[in-house]
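What follows is a set of structures to go through.
Each of the next two complexes has subunit A plus one other chain: subunit B in the first, subunit C in the second.
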Partner chain A sequence: MKQALIASALTLCCTSPVYADIRINGFANFIGGMTSSDETVYGYDDSISFSEESLFALQASGDINDQMSATVQILARGEDDYEVEFEWAYLSYRVSNNVTATAGRFRLPLFRYSDSLDVGYSYHWIAAPRNVYDIPFNNMDGFRLDYSDFVGDWEIKLGAALGTFDNEVFNGNVEGDNTYMLSAEVGYEWLNLRGVYGATKATFNQQLVDATISQVAMVAPEFADFLAINEDSGKFIGIGLDIDHFTWFIKAEYTEVEIERSYTPTDNAWYVSAGLRLGKWTPSVTYEDFEGDEQKGLDELSAQPEALQPALLGALQGLNAAFAQNYTVATATLRYDYDANIAFKVDISRYDDDLNDAQDATLARFAINYVF
Partner chain B sequence: MDKPLKRSLVYVVVMVAVLLVVAGYFFMKMDASLDAGQQYVSELEQKRTALVAQSDRLKRNVSQFEQRVSELEGAIARRQSILADLQGQSESAGQDTTCDVSPNQAADDGLQQQLDSTRAESQRCSTALSKTEEETERLAREIRRLKETDAALQTATQDLSDLRQELAQVKQQNARLLQARRAQSDTAAPTDTASSAQLTAQLREATQEVTRLKARVTQLQADNDELNAATQTSGSLALIEFQATPRLCDAEVPAGRVCLTSIDITATFNFSPNGFVAMTVVDPNGDVIGRESIAGRAVNQIAFEVDEATSMLAGEYAVEFRINDVFNRFRQTQRFMVSR
Partner chain C sequence: MNRMISAALLGVFFSSQSFAEVVVVVNPQNSATLSAKSVQRIFLGKVTEYSTGEEPLVINQAPGTAQRTEFDQNILGRSTAQVTASLAKLVFTGRGVMPTEVESDSEVIDLIKQDQQAIGYIDASSLTNDVKVVNID
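Right, the complex of A and B next:
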């Protein structure tokens, strides 16, 4: 279905005799980094690596008619051995002066930098804070409505999306059916506030997890049903603040991701970033916090026969531990705008793991961001 | 220090050095390829700046021209007054045949001096007018020369040529006027009144011509902006046409203000922008009178409604366009006049 959609989008945009103009943009992030110890942070270790976050992409857009346009973005990530994938492929229809409808695979406006998440040139970091931005449902297949208008001096942007997502995460596969999302954003010159709420029916499959839950199901089917993430309700809440006076800025976002009836802990993540713009130089500091080590399922466990509880507790703790994370990251970044479309960046991050001090590490990275 | 650590450090240093060399080579190559495009853009920018400066000079010259025309009108009025006085004195002298010779001679001498003065002043005015016309013609020639750098400006060049012809006609008319003026100056004083009236009519025509030229200069400036936008590099989003039409109403308003119902704006980009276009309208005082956010497309039409109960300032308004597309960030202000 997705391939058919992409094909039809390309066919429509390229065969029209009147609107044959196709615009091609692209961007590239060439990023290298290494840690100070054997511990791994964001895929980097004590050997320098250039593939963890590097990527190259092309985006093509074409007008089908005065109201409709098609956009395709193909992207090759270093971590995927630069295998080319269709990141976006959608049709946009201009419903009215203030409303746009989109169908296809598109980026959900979950965060301040969702639209340009992969375009390193668009922000001051080398990579957007992972604790907040690294979620498995940034892209979705479905429909999206966007509304924009002014109320007095305030610019209002509202968004609604409906669809599904399917991504690989934690060596497994996560699917989201009946996913919907509502977003609201208000902006006034230097101030921007945003809020997002989303919900889905989530299903997660991973070999080891499935095997463990299958064993539990043999003795405690109800508890296994609780543990399994099988079309369970999940929710996403996000709020953001952006104060940008150009010469200085402060940005902050908070997110909460929860699948209530499952072993996975509720993830609470936030960051605060502040920086200065001094001509071509943009020094900044960022502090990230991620808490996702909540012990869930104890109430459900207590409802099980006492004789089974020790064994079930072991399985529950094993699953919890496998997905528990609790860490902070402090980063200092320096960006230099070499040209109107090229930026150089270096940063150094201190990763502190609150669950295992042995995994603390310092990560140093550099980046070249290019956009055209 | 452990050997593995030393080796790692050496490895890192070597890799960083190699990377710097590779990155340097990469950007030197990229710089070279970008230079040509940037030079072209820079040349276009310089041309645009020169054209804007040229337009400003034209405006100033037209303003000066108008001022000179006004001065000429004043001079004509003064001459008419003098001629009327002279005519009165001549009639008085003709009727009084019994008066002494000496006073008549004195009056004649005074008359002669005033006539000479009038002739000299007329000559100066005509010279000033000719110089103004020459200056206007020279500026028109410069505009045409700049325009010829682009083949797409042929239409504008033709218009300029038309302007030159019309200016030449104005010059010829002025020359004829001068000749007539000289011829009439040699005859009796009463005929000067008719000549002055003719000169006044000619000046009125010249004033109308200045108004028309001014409108033409505005049109040429708009053409320049459009052509400059159209010749931007293909990758950049550009506003290639902008039109603002104030919709006026008939209500009585104080001086310096207008009764306005809406401002219809048409903005045409070289391609459809991604996302929404934020538009802000600012009045001559710099106050924001309207904001709109519209889904971007190549041709965008929007009407800024104005409360009819409130009169608006006459003068120069501005519309700011802002688009936050990561590939085509856009921020540009267009200006237009609102007057009765």
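Right, the complex of A and C next:
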């Protein structure tokens, strides 16, 4: 009904030459959750919270001409006190039926669900697996080129993106210059395979980390240079597999994020998710594994004067411990399609911290997803 | 195979309720080559061009109508919620637009009369000379 109203409002507006044809779409996720103990998982604790993952978004797009369109997406996240942010703003140019060029701020299409990460309605989870998707460089400024075509029954999609990102993370700031990314995807009826490779020049600044590194620099500048994430090359790779027979599906992704010359551990993350579609119900189970606790820099350390080594090792281990994570999450989710654009979901997750058993916790959530 | 069985089961289910034999229709002037696959790709936003190079105006019927349910299940092979989910992905990445949505067969026919590139679906019993049936078998 609402859609019909909007459609007729649009028809009205567009018969007038004053207004361009503006399409308004939106989505919302209202999510609440709490943990079973004092431990915090994804910001939730043992009293119910609705603000950790809830969000509301509006998107407006309009055609400039037959080939060009402009899109703006504004988003208010509960975790930011629903302050409105321009999440995306870009111009798209349809080069041909198969090729689209985009310029502006957009989602870096790293992993399978990156593009629609905020649109809870579009997937079966309450939130896409955090171990893979919770990365500090989801949005980028720059250019993007997308190609899609069919070769017989095979759907082929290629993508390339080039630009920069700048995000707040871990109480600090991460910047990526000269970021580029290449992706390839092939689909055949029930099968879909995806691969991605990306690289960036990363800089990370955070008060405590910077203080530690500048202390190291006073005695061992070379080692400090190794430790610091200062225009260091970082890379990410991802592989995705999707088998979807409609009545049942299995989805899996593996990702690796690495900044070689730094204190930060290489992150290896994967998940497997399987579910059934039974009419309006979609029950599923998901298992996530995240390993990012390897102690780096021991070779570089051994090249330092022996007298300095104990102190430097302390700094190295301190930095590593601050960023090391190793955990698994097992989740059972139930989705119910209430209407063609509203879904209800509940899930329960068991978070197992392999570095500190005291952090283990169980999280229960519900979600209402809406799109229009 | 599974899908055929469930389609058949659904067919049985719907025949006891309001059975709709849905046909895909275009403007009689539309000379594009269309098959079941190309209709699926157009309605799921995977292609944005007819074989003639023209851009389709895609018309959906409102969710919950017999026509929409039948079309999504039997021609697109998924539930209406799944179709909305796939389209939402395209819309919110700037690579697609939501199909125009109407409430009745006669509105579909009206739009197709007005726009040579329009494509929709209606109950076979509503067919008129203003539209051409797409053979998708």
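Throughout what follows, the second predicted complex is superposed on the first by the 353 of 372 C-alpha atoms of A that agree within 3 Å, B and C clash if a C-alpha of one lies under 4 Å from a C-alpha of the other, contacts with A are read in each partner's own complex, and residues count from 1 in each chain.
Please note the rule applied: contacts are C-beta pairs under 8 Å (C-beta built on N, C-alpha and C of every residue); 3 or more make two chains touch, one makes a residue touch a chain.
Everything numeric here is computed off the predicted structure, so don't read it as measured data.
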{"item": "Joint occupancy of subunit A by subunit B and subunit C, clash or fit", "value": "clash"}
{"item": "Which of subunit B and subunit C A:Q73 touches, first, second, both or neither", "value": "second"}
{"item": "Which of subunit B and subunit C A:D46 touches, first, second, both or neither", "value": "first"}
{"item": "Subunit B versus subunit C as contact partner of A:I368, first or second or both or neither", "value": "first"}
{"item": "Partner chain(s) touched by A:A343 [first = subunit B, second = subunit C, both, neither]", "value": "second"}
{"item": "Which of subunit B and subunit C A:K280 touches, first, second, both or neither", "value": "second"}
{"item": "Partner chain in contact with A:E256 - subunit B first, subunit C second, else both or neither", "value": "neither"}
{"item": "Partner chain(s) touched by A:F246 [first = subunit B, second = subunit C, both, neither]", "value": "second"}
{"item": "Subunit B versus subunit C as contact partner of A:R23, first or second or both or neither", "value": "both"}
{"item": "First (subunit B), second (subunit C), both or neither touched by A:D352", "value": "neither"}
{"item": "Offending stretch of subunit B which, after superposing on A, collides with subunit C (from 1-9, 127-135, 199-207 or 271-279)", "value": "271-279"}
{"item": "Contact residues common to both interfaces of subunit A (with subunit B and with subunit C)", "value": "23, 25, 59, 61, 69, 71, 94, 97, 100, 115-116, 119, 121-122, 146, 148, 150, 153, 155, 339, 371"}
{"item": "Subunit A-touching residues of subunit B, taken from the complex the two chains share", "value": "8, 11-12, 15, 19, 23, 27, 30, 34, 235, 271-272, 274-276, 278, 288, 291-295, 297-299, 302, 326-328"}
{"item": "Subunit C contact footprint on subunit A (complex, rising order)", "value": "3-4, 7, 23, 25, 27, 59, 61, 69, 71, 73, 88, 90, 92, 94, 97, 100, 102, 106-107, 109, 115-116, 118-119, 121-123, 146, 148, 150, 153, 155, 245-247, 277, 279-280, 337, 339-341, 343, 371"}
{"item": "Subunit A to subunit B touching residues, read off their complex", "value": "21, 23, 25, 32, 34, 46-48, 59, 61, 63, 66-67, 69, 71, 94-100, 115-116, 119, 121-122, 146, 148-150, 153, 155-157, 338-339, 342, 368, 371-372"}
{"item": "Contact footprint of subunit A on subunit C as seen in their complex", "value": "2-3, 6, 37, 41, 46-49, 53, 62-64, 77-82, 84-86, 88-89, 91-95, 97-98, 100-103"}
